[in-house]
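In the two complexes that follow, chain A is the common piece, with chain B as its partner first and chain C second.
Presenting the complex of A and B:
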């Protein structure tokens, strides 16, 4: 494929008077892992929503390959190869793991049997075969997050959007999920990760994009971005100041 | 004691049919969020379907459920495509305004159906007579064959619906949409298809309920109005969008009506129902089976 996999140009999302995302430009190359950081309310999730078709951009375009994504409804965007997970887990609670993943797989599979096979395949990849027949609301949070990943993967996405996978997880669960993300990306799956835990972003990302109040304030390799004074001010300002014992 | 058993049995037998057409209403509401004011009239249509097939072709309503089901499904599809769909995603209109539109439109469908029926069949009650005439005496409890068979059919059709919701891909897509419609579309479920199928299936169940009801209940063009109220009460008692809840609540509604009719006064059977309904609203506003789906 020539050019980047995802191309976002001049993306603006406005809710009434609030500009949640303001003229954001970026691209993601095939196989890349892009990290997106920013303080609360920076517009990260809104941007995900726009890329996934859940929110219609006020202006700007989003393309995957040569296909225009912006303006299409979510079920079409899913078919174009963009899959996502949510910070607050949004599984179909009353359904089993297998049902959740099979429903998603059926979007890209010709038959129920093929969708079931795809669900089994994804479950095996994530080491969740034993959980298949359990209702998701009975699973612990860490497993529910993995089911979200499984459900997204079942769509055979070209691009995976992961929204704060680590929130609410402990150290070892976080390690586990990081391992999964690395493995998937290592197998060539282009991924965008939104994350609050900077350690995770530093470890995972090839490149980092920083948003603040809907504006893109920095972009580049993780180490460079972390040294950028605008980023320190916007994102780390308060906690850095607290660490130094200075008044905020 | 015999009276009590008789009352309960009668209540359950009619309640199965309430349960069936109410599960149709709750399916439609759970998916499309459309409150279908024409729902009772689709029961009426099913009843007239049975009457017409019996009078013209001598077809028993038990066989008549097949053509009635097909015709009801197609009618549901037409009503969805032509009317309901237009109200679901109109740009620049708030959800509340869209809902007002739906109320007026489904009410219009209701008025249209009952008046067309009045035009064709006239105002006098019609019935399918003598199809299942037997009355069984089970230890002093009388069970009319027509009521028993109707109940069994309602139960079987409901179980088929339940199985379809659990096992088929459409069923899974429907359950996912009831739970979280935006998420469902993000995994590729086309909401328009799911809406169309659930609306049509909802109307189909309702038509079938009407068809078998006609074996013992006479029909007039306005019969549906009473069933509409019963369906609303049943759906709310069962938890909005909860299909199993609607069927169970249907049985309860049948029992409450019968108990009031026998032990208080026949004319007050709906008063008894509404009293219990108010109690349910106060004590368990989420529905009697405080289902997970009720919160969705």
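Presenting the complex of A and C:
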């Protein structure tokens, strides 16, 4: 497979009169970690939902490899290798960790035995073997977020979409999750991360895409993007952007 | 029989007790026709409610129209026997076929609806069936209903003089329905149905083909209901639109499971054992009072149980039991996760 793993072209999502995502183009290479940032309401999650099939794009195309993803329902997209987590944790609360992960494994594994084995494998990878028989609702938030990752990984995805994994976590929990994401990406898993905490994005991403009001305003290596006046303006306002420009 | 021991173990021995109790019932009461009839009806409605549990209890798609499948089972066998003199057993089989076909057709439409809208659609549909069977008199006997010919003792035609035979048949039916739902619960289908109940979007994001899973669940859940209807027909010998598709049957199948514990393996069993005898007892003992008084008492009992524990009797906590296993303490030598809902039920069975 030549070319990028994910190719998004002219993606637009309209809700009635509101244009949540406006003509966004980007690609993600195999093994890359792309960060997506933007102020509240910038359209990050909507764009995520479009890639994951949860929202139907108004126009534009999304392809993974040679396969057209846009227009397909979320369960098909998941089976094509795009796995996601939810910003507000959406696990099957009354089920155990093992059941949560086995469930998603069961949609791609030939048998339940294989699905259980896959769940064990993922739990071991994330160091959660001891938690397997605990009901998810009894776990602290940080562990629930890990279960979200585990549930996504059980699908053997080509592309992992992580939506605001750090929200609600303290410093050390954030470090823990960052470690997990780095480890997975280091093992070759292509990942897109949406994050509010800029520091996290700076540390993780190979490349950053900035959205503001649904429009893509900058793209590039994290350091360059952070100096881009348009980005500073979107985050901090116009005067800050001017101050930043002058002393140079 | 590894499966049987597993089942008994996973249900904390409750299974064995119930099995022995139920199986020996005719030995104690064999002289009393009333008790025998109540026990038989209990098992028939238990089977229908066990079927309901698959799509509604596990899958969370609450059906108030399982009477459709119950009624189709009853009417199909009756019509084939009365009008076409078909063998009764063949009629029972065709009743299942008709119910399955209609489960696919009705499910294809109604399962696209979510939550209360699905429930309302199923309820409306069963009332439509009641009206239709009342209307096409030549075929269904209309509002008067259909009565099976009296054949006396004809085992080849599903007709027995000795009513204990029907008790055994109903028990086999309920046992088969129970084992079927237990197998569903342990299967991939059961896990995916439970995930859909918990959060359909999250299940779909995990690759669950939600519509297909729900449709499969509905079809499976129609089978015990249809068989229950057929056996009811053979046992009672009479059916009319209201006792097949009416609101009472429609809600009863669901209420039995709710009272016992919807989504719990033992829920419909416990619910039927309590509610059907209660209903029969009230019908016969309070018949001297103004009409409807028995229903008021019945409703009160249901309300009180659901007021104490909205999730049903199988979710009630009894003091002796420990609340939760300590964190991370998986049962030794049991790496294989136990069937989902059976775990809480075994813990809470008391």
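Here, the second predicted complex is superposed on the first by the 236 of 248 C-alpha atoms of A that agree within 3 Å, B and C clash if a C-alpha of one lies under 4 Å from a C-alpha of the other, contacts with A are read in each partner's own complex, and residues count from 1 in each chain.
The rule we apply is simple: a contact is a pair of C-beta atoms (placed from the backbone, for glycine too) under 8 Å apart; a residue touches a chain by one contact, two chains touch by 3 or more.
This is a predicted model, so every value here is computed, not measured.
Undergrad: After the overlay on chain A, what do you see for chain B versus chain C, clash or fit?
TA: Because the two structures are overlaid on the shared chain, the partners are seen to clash.
Undergrad: Looking only at chain A, is it chain B or chain C that touches more of its residues?
TA: Looking at chain A, the partner in contact with more of its residues is C.
Undergrad: First (chain B), second (chain C), both or neither: which does A:87 touch?
TA: It touches nothing on chain B or chain C.
Undergrad: Based on the superposed arrangement, let me know which partner A:133 touches: chain B (first), chain C (second), both, or neither?
TA: It touches chain C, and chain B stays clear.
Undergrad: Using the superposition on chain A described above, determine whether A:95 touches chain B (first), chain C (second), both, or neither.
TA: both
Undergrad: For chain A, which residues lie in the overlap of the chain B contacts and the chain C contacts?
TA: Overlap of chain B and chain C footprints on chain A: residues 52, 54, 73-75, 78-79, 83-84, 86, 90, 92-95, 99, 102-104, 106-108, 112, 115, 151-152, 154-155.
Undergrad: What part of chain A is in contact with chain C in the complex they form?
TA: Listed in rising order, the residues of chain A that touch chain C are 52, 54, 73-75, 78-79, 83-84, 86, 90-96, 98-99, 102-104, 106-108, 112, 115-116, 120, 130-134, 138, 151-152, 154-155.
Undergrad: Report the residues of chain A in contact with chain B in the complex, numbered from low to high.
TA: Per the stated touch rule, the residues are 52-54, 73-75, 77-79, 83-84, 86, 90, 92-95, 99, 102-104, 106-108, 112, 115, 137, 151-152, 154-155.
Undergrad: Within their complex, state which residues of chain C touch chain A.
TA: 187-188, 191-192, 194-195, 198-199, 201-210, 324, 327-331, 335-337, 340, 344
Undergrad: Which of the residues in chain B end up touching chain A in this complex?
TA: Result: residues 168-169, 172-173, 175-176, 179-180, 182-191, 292-293 of chain B touch chain A.
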